[in-house]
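Consider the two complexes below, in which chain A is the common component and chain B and chain C are the respective partners.
Our next item is the complex of A and B:
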């Protein structure tokens, strides 16, 4: 049992290391996986909300809102995610605490989970803005005009016409964004948030079985990706029901 | 722009609605309405206040290091994009029209690369492979060993494979999207298969993929800072060192973000130029 050699001694040694009970590190990896998924879901949801507002600002906003949205999407899409994460993670929490202190409140400890969701959601929002803008533009103009002619308020129109009608156009892009969001959670390892990648690194560093653990982490990420693409395909098929297939039209 | 004069002459007599008003207005006035001037002024004021009120006295001391990091970032970017593209062409071709024993491994490669985070790939190669190599005496004795002990070969390898994985998928679509008639007529001319590929198939596929290629190059630039996590000294890692040395939070990061913005702008401009070189009326 005490063969903490650099190469795991065959398959049994590998499974010992990956087992979820105490001597193995499987439980740590799974805990990291759950945290990664939490952040991915949160960031994706926040990205959707920002993206909805951003795309509305770009399409229907006044000149100033339109320019500000353009600045936001351009900047965020041109600066590396890692730099954005460091900038918002350290500088953002520092800024909030300075403002709080300036106002006479106590410093708050912002939890890694919340900070990670906010930071990645801010990045996702820029991409979601572009995806949703393109999808809204793909709606036949007559549908929106008809809704307006019925006297629908903007909110009602958004809920009843724009969002459902744009969904099939937006889904491929949103599916891509979801996959990016699951992979971007790995970047939080750099700022010390213990999601799957950092848990893997700690396990690998302790046991010296680098290959085993990184391959296991890769397999977990790959499983998430493949599993979500199956589900997303099903959702897209459902959202597209009744629409002519693109393949047949060609 | 060159035929604007001719167009307006024809348009004038029938222009009841000012359809071409934007075209006629001078481009500067249409691009700079009052609100945008105000926004630009606010932006300039922000930059100026950052330059005036923040601490930049560390710049001269770290100037050489920053240039070195910048050079390494650009060098890694260019090398991995070129190598990755060279690898992506066979990957795309194998998936688009290869036999199954080539197509399936190529698709599997692309799926695995696109399905796992680059950071995990990078650490797998650097820590995983890097911990395996020293155990084999013949590797330690080989000529390559001095390179394998450094970090940058792993960085280049990981970024190249990642770019090839994403780009292989793009090239698959591009190869499959070239109209069949083009290839058939090339065959009717009696071209050998490789000549068809070199003269007809590849150029048209690249032309189709060019806009995506530009986007992917920017994405690649955005993944270069990850190499700092395996001790390669690039632009990002210089910025973190300045932060550690001087205890400044914002200044190095803002400069870093500005640097990446500029490089992104240059990449987009270069690709736009390349796109303009190719006659765009196709099929």
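Our next item is the complex of A and C:
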């Protein structure tokens, strides 16, 4: 077959290896991709929630809330993410089990997915705190004052004025965080979570087709980024709908 | 201390006939650190009164206005709005803060504030700005708020700008829109904080005309302004503030026609 075909044997072999049906490894890679996306979504969402509370604590909180937020963002941003992940993943699950045992409960198996989301979300939250804090400071403060002057409660003001008004300022930073979040999932390979990178390593190690599988994984990561850019561009356009184009001011 | 009603009260306005006291303030002090901005200012406004506050920069007139809806917390003094005494508690640093947030929110939602810099919400269209507080704070039905909002926009001459974002409107249009937003809450009192100071000279007239129309229909208003001629025309009572105290006050003819205090005489000469 190889000598009759115009396509070199290497290429057809490559597609065989990437086929989604056995003996191809495509299904494993796609499963890894889905897991990576689940973690990235979860971590980014959790980061946004932590970031909202963190930025409010830093901007409007009392002395204790401000200090807690400052310690959190400083520590998380100072420690390398890989160290943070190993630390939280092993130490964190161990701590939870020790507490459970101490209270007389059974040890639990914490699923890799949940642990991964919590660990990465905790890291994302620190960066999101700073992104959102900057964005809230960029709102013309008169708009916040107007909301106050018309009797809005703090929660209503956050929902109707502060968050929608800061969104256009936050989106470029949040877009960065989302893309970092998709790639940080690869760090979970070190703790044995089968996301895209670990699946790729296993496929490549078994078949010795390193080039093929790592190129395929690279293409999948690139696909995530390109698809995200389209969505993010649309979201930013919508969030900025009340603002004149920056080009007009040039 | 009580302001006289120089503007002919519209007999059809129920509030104007009763002459209830809308705002009553006694001996208001405000201190920013070592700086005492207000040193005991008192005033009273009945329904239908138009009180103008004039004075040089740093006289405390804007701070006084902002204390009325607690954008600034007064250091001491009595504030009674709609006949309701605002309860204050000590903040532990020599000042005081409102005891009850909901009371403040309720009072604020009945005071229509118009700012120097308009402060329209930039992420909402004009009509969304106008119906925001009626719908989300006062709990009015959306279609009802919309109908009132459209009427108000027509009144300030902005029907065509209904679905336009504030960034695409001129300063005068934004300020007229901000007045419509304030009117939409059906306020007991309108508070104007130097409403024309941020406007280009050719846009001042359109905003003043809207405010003058409101005065004519007997709306209760507190107006901090630099427009002396305008204050003289629309106000029923004028207060001249200097260094945090009321230097002189009275009906506009008296205050501008025959000022007693030397400082006021000088102030009138320099601004006119």
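The working rule: the second predicted complex is superposed on the first by the 241 of 250 C-alpha atoms of A that agree within 3 Å, B and C clash if a C-alpha of one lies under 4 Å from a C-alpha of the other, contacts with A are read in each partner's own complex, and residues count from 1 in each chain.
To be clear about the criterion, a residue touches a chain if its C-beta (ideal position, glycine included) is under 8 Å from a C-beta of that chain, and two chains touch if they have at least 3 such contacts.
These numbers come from a predicted model, not from an experiment.
**Student:** Which chain, chain B or chain C, is in touch with more residues of chain A?
**Tutor:** Counted on chain A, the partner with more touching residues turns out to be B.
**Student:** Name the contact category of A:143: first (chain B only), second (chain C only), both, or neither.
**Tutor:** second
**Student:** Which of the two partners, first being chain B and second being chain C, lies in contact with A:233: first, second, both, or neither?
**Tutor:** After superposing on A, A:233 lies clear of both chain B and chain C.
**Student:** Mind working out whether A:101 is in touch with chain B, chain C, both or neither, as first, second, both or neither?
**Tutor:** So A:101 meets neither chain B nor chain C here.
**Student:** Looking at the overlay, does A:242 come into contact with chain B only (first), chain C only (second), both, or neither?
**Tutor:** So A:242 only meets chain C here.
**Student:** Mind working out whether A:90 is in touch with chain B, chain C, both or neither, as first, second, both or neither?
**Tutor:** In the superposed model, A:90 contacts chain B only, not chain C.
**Student:** Can you list the residues of chain A that touch chain B in one structure and chain C in the other?
**Tutor:** none
**Student:** Which of the residues in chain A end up touching chain C in this complex?
**Tutor:** Going by the criterion above, the answer is residues 140, 142-143, 145-153, 156, 160-161, 164-165, 167-168, 239, 241-244.
**Student:** Can you tell me which positions in chain B touch chain A when the two form their complex?
**Tutor:** Listed in rising order, the residues of chain B that touch chain A are 33, 35-36, 39, 111-112, 114-121, 123-124, 127-132, 135, 218, 221-226, 229, 236, 240, 249-250, 253-254, 256-257, 260-261, 264-265.
**Student:** For chain C, which residues count as touching chain A in their complex?
**Tutor:** 69, 71, 101, 104-111, 113, 115, 117-125, 132-133, 136-137, 165-168, 185
**Student:** Which of the residues in chain A end up touching chain B in this complex?
**Tutor:** Residue list for chain A touching chain B: 6-7, 63-64, 67-68, 75, 77-84, 86-87, 90-91, 94, 179, 183-187, 189-190, 197, 200-201, 204, 208, 210-211, 214-215, 217-218, 221-222, 225-226.
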